[in-house]
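Heads up, the next two complexes both have chain A, just with different partners, chain B and then chain C.
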Partner chain A sequence: MNTLDTDVLVIGGGSTGAGVAWDSALRGLHVTLVDRQDFATGTSGRFHGLLHSGGRYAVKDPGSARECAAENRILRRVAADCIEDTGGLFVSTPEDDLEYADRFLAAARAAGMEVEEVPVGVALRDEPRLNPRIRRAFRVQDGSIDSWKMISALLRGAQAHGATVLPYHKVVRVIRQGNRVEGAVMEDQRTGEEVLVQAGCVVNAAGAWSGQVAQLAGCEVGVRPGKGVMVAINHRLARAVLNRCHLPSDGDIIVPVRTVSVIGTTDHPVADPDDTECSPEEVHQMIEAGELLVPGFREARALRVWSGSRPLLPKTEGPAGAGDREVSRSHTVLDHGPRDGLEGLVTIAGGKFTTLRLMAEDTVDVVSRKLGKEAKCRTRTEVLPGSESHRFYWIGNRQQEAETDPPDDPLICECELVSQHDLDTVVARRPAWRLDDIRRALRVGMGPCQGGFCAFRVAGMLHQEGRYGRAEANSALREFVQERWKGVKVISWGAQARQTRLDRWIFEGVYDLEHLPE
Partner chain B sequence: MTEVAWGVEAWSEVRASLDSCIKCTVCETACPVAAVTELFPGPKTVGPQAERFRSGGHSPDLSVDYCSGCGICSRVCPQGVRIAELNSRARSELKRERGAPLRDQLVARPGLLGRAGRPVAPLFNWAMANSLVRWAGERTLGIHRRAPVPRATTRTFSYWVGHHSGPKSARRVVYFHGCSTQWYEPHVGRKVTAILEHNGYQVVIPKQGCCGLPLQSNGLFPAARKAVTRLARQLVTGDASNLPVISSSTSCGLMLKREAREILGADSQELRSVSARTYDIFEFLLELHQRGELRTDFKPVPLTVAYHAPCQQQNQLIGKPALEILRLIPGLSLVELDRSCCGIAGTYGVKREKYDIAMRVGEPLFADIHSEGPDLVACDSETCRWQISAATGANSVHPLEILHRAYGGS
Partner chain C sequence: MGTDAVVLGAGTAGMVAALRMAAAGASVLVLAEGEGGLPLAPAQIDVLGYRPQLVLDPLGELAGFLESRPDHPYRLVDQGEVAASLDWFLELAAPLGYTGSPRLNRLQPTAIGALRPTCLVPETMAAGDLSGGGSVLVVGLRGFRDFHAPLLAENLALAHPPSGAEVRARAVEVSLLGDPRDLRPQLLARSLEERAVLAELGREIRSRLEQEEVVAVPAVLGLERSREVWRGLQELVGRPVFEIPTPPPSQPGQRLQQHLFRALRRLGGEVRLGARATGYRAAGDRLAAVRVMTAARDVEIPADHFVLATGGIGTGGITAGPDGELREEVFGALVSRGGAPDQPLVEYMATQPLDRLGVEVDAQQRPLGRGGEALFENLWAAGAALAGAEPWREKSGEGISLATGFRAAGLAGEARA
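Then we have the complex of A and B:
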């Protein structure tokens, strides 16, 4: 068995794990990060993309609001390339209590947020599709953040400081020596080979799955996955993040992220974090909720629906029967030494994407102390790879680049403007296992056609370049198309239904996808 | 008639139509510009695709300026995406942000050139035919030295109107003649008036300005909005507020019918009213004919005429009424030129950087004209006529000039 020695083994390649890897690596620790799948495939890759200003938590959860406000400022400094400075609005719709707006303003200021009330007329001028019946509007520092770019930047940064990252390495056994965790055995999901990683400290950063990882180590973490459903709309309905100014509930945020608008979300406790089914009722609920912020929302083209599981860790395992929004959205670092008498294992639980840096700092503070290798955290000021110019990502970036693409570099994904050169660059950097890995890196297949026109091109090119054998290319294509279909089937009406029909003609009529040779 | 949206709402509907694109690529195969140049990536690419990357702020793409605005994409789209309208809007954002060159400001105001040329028409026409002057015009302004330019006249159409007294009639129409008739081709206006009067109509011709179309196609929206709103006001003055409005310029007619609403997002009471009552001259005559009211006292016209339906006429979605009327004329040998675009697209083809593209776009049409060798080419749009004559040497006329001749005019 292959054996690796490392200071810190991080289990989980989402935002939390990637943040921990980056922080540890900057402090001079040797890190190995593993994930059962590709990176950012769990909750981090399945959220709405909101970089919180803190407004959402201002009234109900001031601690989280303060954290968000502070972390928002830091991330804008160190990760500009992953962030779009859309700004945000909190608006009182006709259904929202005006008295809440006063509380909101006071609480937002108390949380250290930059907030200003703007006249309704100004808000409507800036956002022509906003409900004209809104009664108050507040401008905040919301933004949108690209989770895949962010996690990729964190991991590249960590690797540049000596970290090892292993995707598709699923933990099958945690190695214990008495009351001490000494590492874990991973199985490579692609080859079936096992790898032993011996570590000074293991960080359980598996988010909604951290209960499962803890069980492998023989202890309990009462994480409670809270499912949230999101729907992506084909284009930007607003320039800024639109929030309802009321106590957080379902479907009250519309986030302009990359080429789409995402409405979210619901909150529903689930037993299994891998339960990502979205029901037509949940979708309906989102679409109807969108109508209140943007009249005509239900006529807009829904592209895709998906869900993610929040990794909620209720205080003292949470009061029974309380909704998940009753628990704090702050995070907790659990040192299993004092907690369970199990040394060498730390779980970081709870939290949210916006506070990933702080979560990592708090975690690595504990880890480095345990390892006796204390060093100052540097992630507040260290700029992530790709963000050196401190220029925020802008929605027009790809269109602008496409203008200067040489004519011999054709577009592969027309919806998201991905060229052959882009594909080659990404595949050369990190071999892809599934087409879905390329999607996360490049957004291939994420536009209106949902892979109808690009999936076969990508599979074909990877085959042509010898990266996929015939059978591999065929099954990768089939798997990708199935995966895309999952997010479309519940919203197949109107334009997206016509698209789906055309896509199916292509895949069944032209390629006979179901009967491609193995 | 179904209710249509106006103003900001109309534009919102156009933008929302990008959602209907299913990437089928029909528009890309029909686009005459993308077929001849790599400078224009194609209507799907520049339209519904690029629109997803535009959201306030600044314009990410310059290539949209290579869209000629012929509108074929919107017409062929099986899903109802308003591609050309999206492009037009994006171009105006581009111009708003980066400013429009003096050249675009000039060609967008046909009245300016007409007014300047009128008092010195012979000199103006000599200068426009002088290669040295044209060379200088290309170097300093960017107007291609071989691009077609209209001929100035000393007597405007409104001068003629002032001296004309037609018969009174209970049946009246308003004539919207447009800038070209006013400044360059007053004979077209005289013939339109004669044809309508021959059919028993009293023709009301109010003093009128530009519809703003060239401003719009050059991305100068605020000025275009002002122009069309003002024109609508002029066309409803006096007791002429319920009459049919007849246009003999296809692109200007389309401006009143649809583009003011869908592209400019303009809105006024007068505009709504005029828009609903605007007819293309042949659309109007064909309706008369279908009601049995068109006079058919035609004399034979022993000519071979090749007819080209211009894009902006096709975009009115009224078929080819000129063809149907001309078919009634005895002795006339009529050839339908079944080609999409002559390339000029208003002022697109006069620009130095676009002249060659426009010529390549028109090549199939020019080739057909050469092989047919007609006595006359008939085309409803003035700029297309100028392009066709310049490119092929053929004599081109408005189809109503042939009708006028059949009615015994000269």
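Then we have the complex of A and C:
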């Protein structure tokens, strides 16, 4: 069996794990990060893309609000390329309590947020699609953040500081020596080969799956997966993030991110974090909720629906004095030494994308102390790869690049302006296994056609370059088509229903994918 | 100024109905919201390819197929009429050299290398029937994104025609028009109409050719002068050459469309594109006029006979609302799921809720209203607007359009007499 030695083994390649890897590497620790799939495939790649100002938590969870406000400022400094500075509005719709708006303003200020009330007329001028019947509006520092870019930047940064990252490596056994965790055995999901990683400390950063990982080590972590449904709309319906100014509930945020707007979200406890099915009822609930913020939302073209599992932390696991809420959106570092008498294992539980850096700092503080290799955290100031210019991402970036430096190679994806050169760059950086991995890196298949035109091109090109064998190309294409169907099958109306017919015409009428040899 | 017949929709069904009515002496106006479905179409004429097992004799297996699918639109036409419509089409499309028999499916490679049953093909695809096996040189064009010769050839070499014959395939890549650039099918088709470019392609292929019996190229062999381009390439290569359809925009589909549009004009008919039908005026049991939105204004077009050939959801003839409401856009005709499930299935390759969607008609192809009675005595539906078919999975679309479009014209003619 292949064996690796490392200071810190991080299990989970979502935002938390990637953050821990970056922080550890900057502190001079050798870190190895593993994920059972590609990176950012779990909750991190399945959220709405909101970089919280803190407003959402201001009234209900002041601690989380304060964390968000502070972390938001830091991320803007160190990860500008992953962030679009959209700004945000909290608005009182006709269904919202005006008295709550006063509480919101006071709480937001108390949490250290930059917040100002703007006249309704100004808000409507800035956001012409906003419900004209809103009664109050507050401007905040919300933004949108691209989770794929962010996690990729964190991991590239970590690798530049010596980290090893292993996608598609699923933990099958945790190695224990008495009351001490000494590493884990991973199975490569592509080859079936096993790899032993011996580690000074193991960090369970598996988010909604951290209960499953803890079980492998023989202890319990009471994280409760909470499913949230999101719908992407094929337009930027707003310039800023739109939030309803009320106690957070379902479908009350619209986030303009990259080429789409995302409405979210719901919160249903689920037993299995891999349960990502979305029901038509959940989708309709989102669409109707959108109507209240943006009248006519129903007529907009819904592109795709998906869900993610939040790693919710019951109060019993949460930090002391977490307040009167049932579960916390804050995070906690569980040192299984004092907690369970099991040394060498730390779980980082709870939390949210916006506070990923703080979560990592708190975790690595504990880990480095345990390893006896304490060093100062550097992630508050260290700029991530790609963000050196401190320029925020802007929706026109790809178009601008294409216009200033016209590509002379084929465009693979018209929806998202992806060229063959972009594809080559990504697969050279890290061999991709599935078309879905390429989608996350480049957004191919995420536009209006949902892969109808580009999926075949990518599969064909990767085959031509020798990266896929024949059967691999066929199954990659089939799998991608199946995966895309999952997200459109419950939004079969309007223009997207028409698109699914065109895609079917191409896949079955033109290619006859159904009768292709295996 | 009136017209005898108005056809809504400029796809295969609408054009066939219009041409047959015009040939019988009627004045015909075809209206289409867009440009019709033909520029998307591979231009192969499918009649029936899977039921779900592979169909070799489409006409012969039609009755058996209808036993398992009694709601299928083929129930509306008898076997003789299907055959007659195909014969009529072969004659109509003779200048494009359409060939084939409704008693024997051909097995033609697709752009990814599946062997796909179809019935009639234009002459530029005629050499591509691999039912009896064969050895094929698959020629890719560097920089053309929608055709990947190596994958196609490797898949094709694993195809097993029922004859048991062997298919051999080898891929080569050819650079055309200088460096590999973003080559669109339109640009390639136009360029290959230039003698020098065609000669270059011919030379390249000839120099790579080994023992292969036939040569396959993406379907970009010209637009207006495809016959010359295809013949010219065969001469240069010294072997039969055939085209393989690629995703939209389809050059063979545009060739067929232009041919049908011209044929209608020669018969005195007119095609008006960008004209969306928005409503109608009734007079008792009869449809008196359709209202049409054009760029300039709303106009009312009266006629004696009307054909609804606007297709299904894919072409906008039928729309679905977020609340699940299904609507035929012009007349509000009764829409049904044609026996497909209400809820989506997890597996993509299955019969999904929208797959068989269409309008319900009586035995005379007249669309029904919500009460179950024919809406108008002088309105007939044809093609993909009809409920009950899964054209792309069954490989039946053009056959349905030809047969029901042909019959709609016949019914209109009878009403006229």
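In this text, the second predicted complex is superposed on the first by the 504 of 518 C-alpha atoms of A that agree within 3 Å, B and C clash if a C-alpha of one lies under 4 Å from a C-alpha of the other, contacts with A are read in each partner's own complex, and residues count from 1 in each chain.
The rule we apply is simple: a contact is a pair of C-beta atoms (placed from the backbone, for glycine too) under 8 Å apart; a residue touches a chain by one contact, two chains touch by 3 or more.
What you are looking at is a predicted structure, and each value in this text was computed from that prediction instead of being measured.
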Check the residue A:236 against both partner chains and state whether it touches chain B (first), chain C (second), both, or neither.
-> first
State whether A:395 touches chain B only (first), chain C only (second), both chains, or neither.
-> first
More residues of chain A in touch with chain C or with chain B?
-> C
Thinking of the overlay built on chain A, is A:502 touched by chain B (first), by chain C (second), by both, or by neither?
-> both
Scan A:513 for contacts with chain B and chain C and give back first, second, both or neither.
-> second
Report for A:99: first if it touches chain B alone, second if chain C alone, otherwise both or neither.
-> neither
First, second, both or neither for A:414, with chain B first and chain C second | first
Return first, second, both or neither, reflecting whether A:447 touches chain B, chain C, both chains, or no partner chain.
-> first
So which positions on chain A get touched by both chain B and chain C?
-> 407, 411, 453, 498, 502
Chain A partner, complex, touching residues on chain B are 8, 12, 16, 18-24, 38, 41, 44-45, 49-63, 79
Interface residues, chain A side, partner chain B - complex = 128-129, 234-236, 239, 256, 259-260, 296, 299-301, 394-400, 402-403, 407, 411, 414-415, 417, 447-449, 452-453, 495, 498-499, 502
Which residues, counting only chain A, touch chain C once they are in their complex?
-> 280, 284, 287, 298, 302, 407-412, 420, 453, 456-457, 459-461, 463-464, 470, 473-474, 477, 481-482, 485-486, 489-490, 492-494, 497-498, 500-502, 504-506, 508-517
Contact footprint of chain A on chain C as seen in their complex = 40, 42, 50, 110-116, 143-148, 150-151, 154-155, 158-159, 179-183, 245-248, 312-316, 319-324, 343-349, 352-355, 391-393, 395, 397
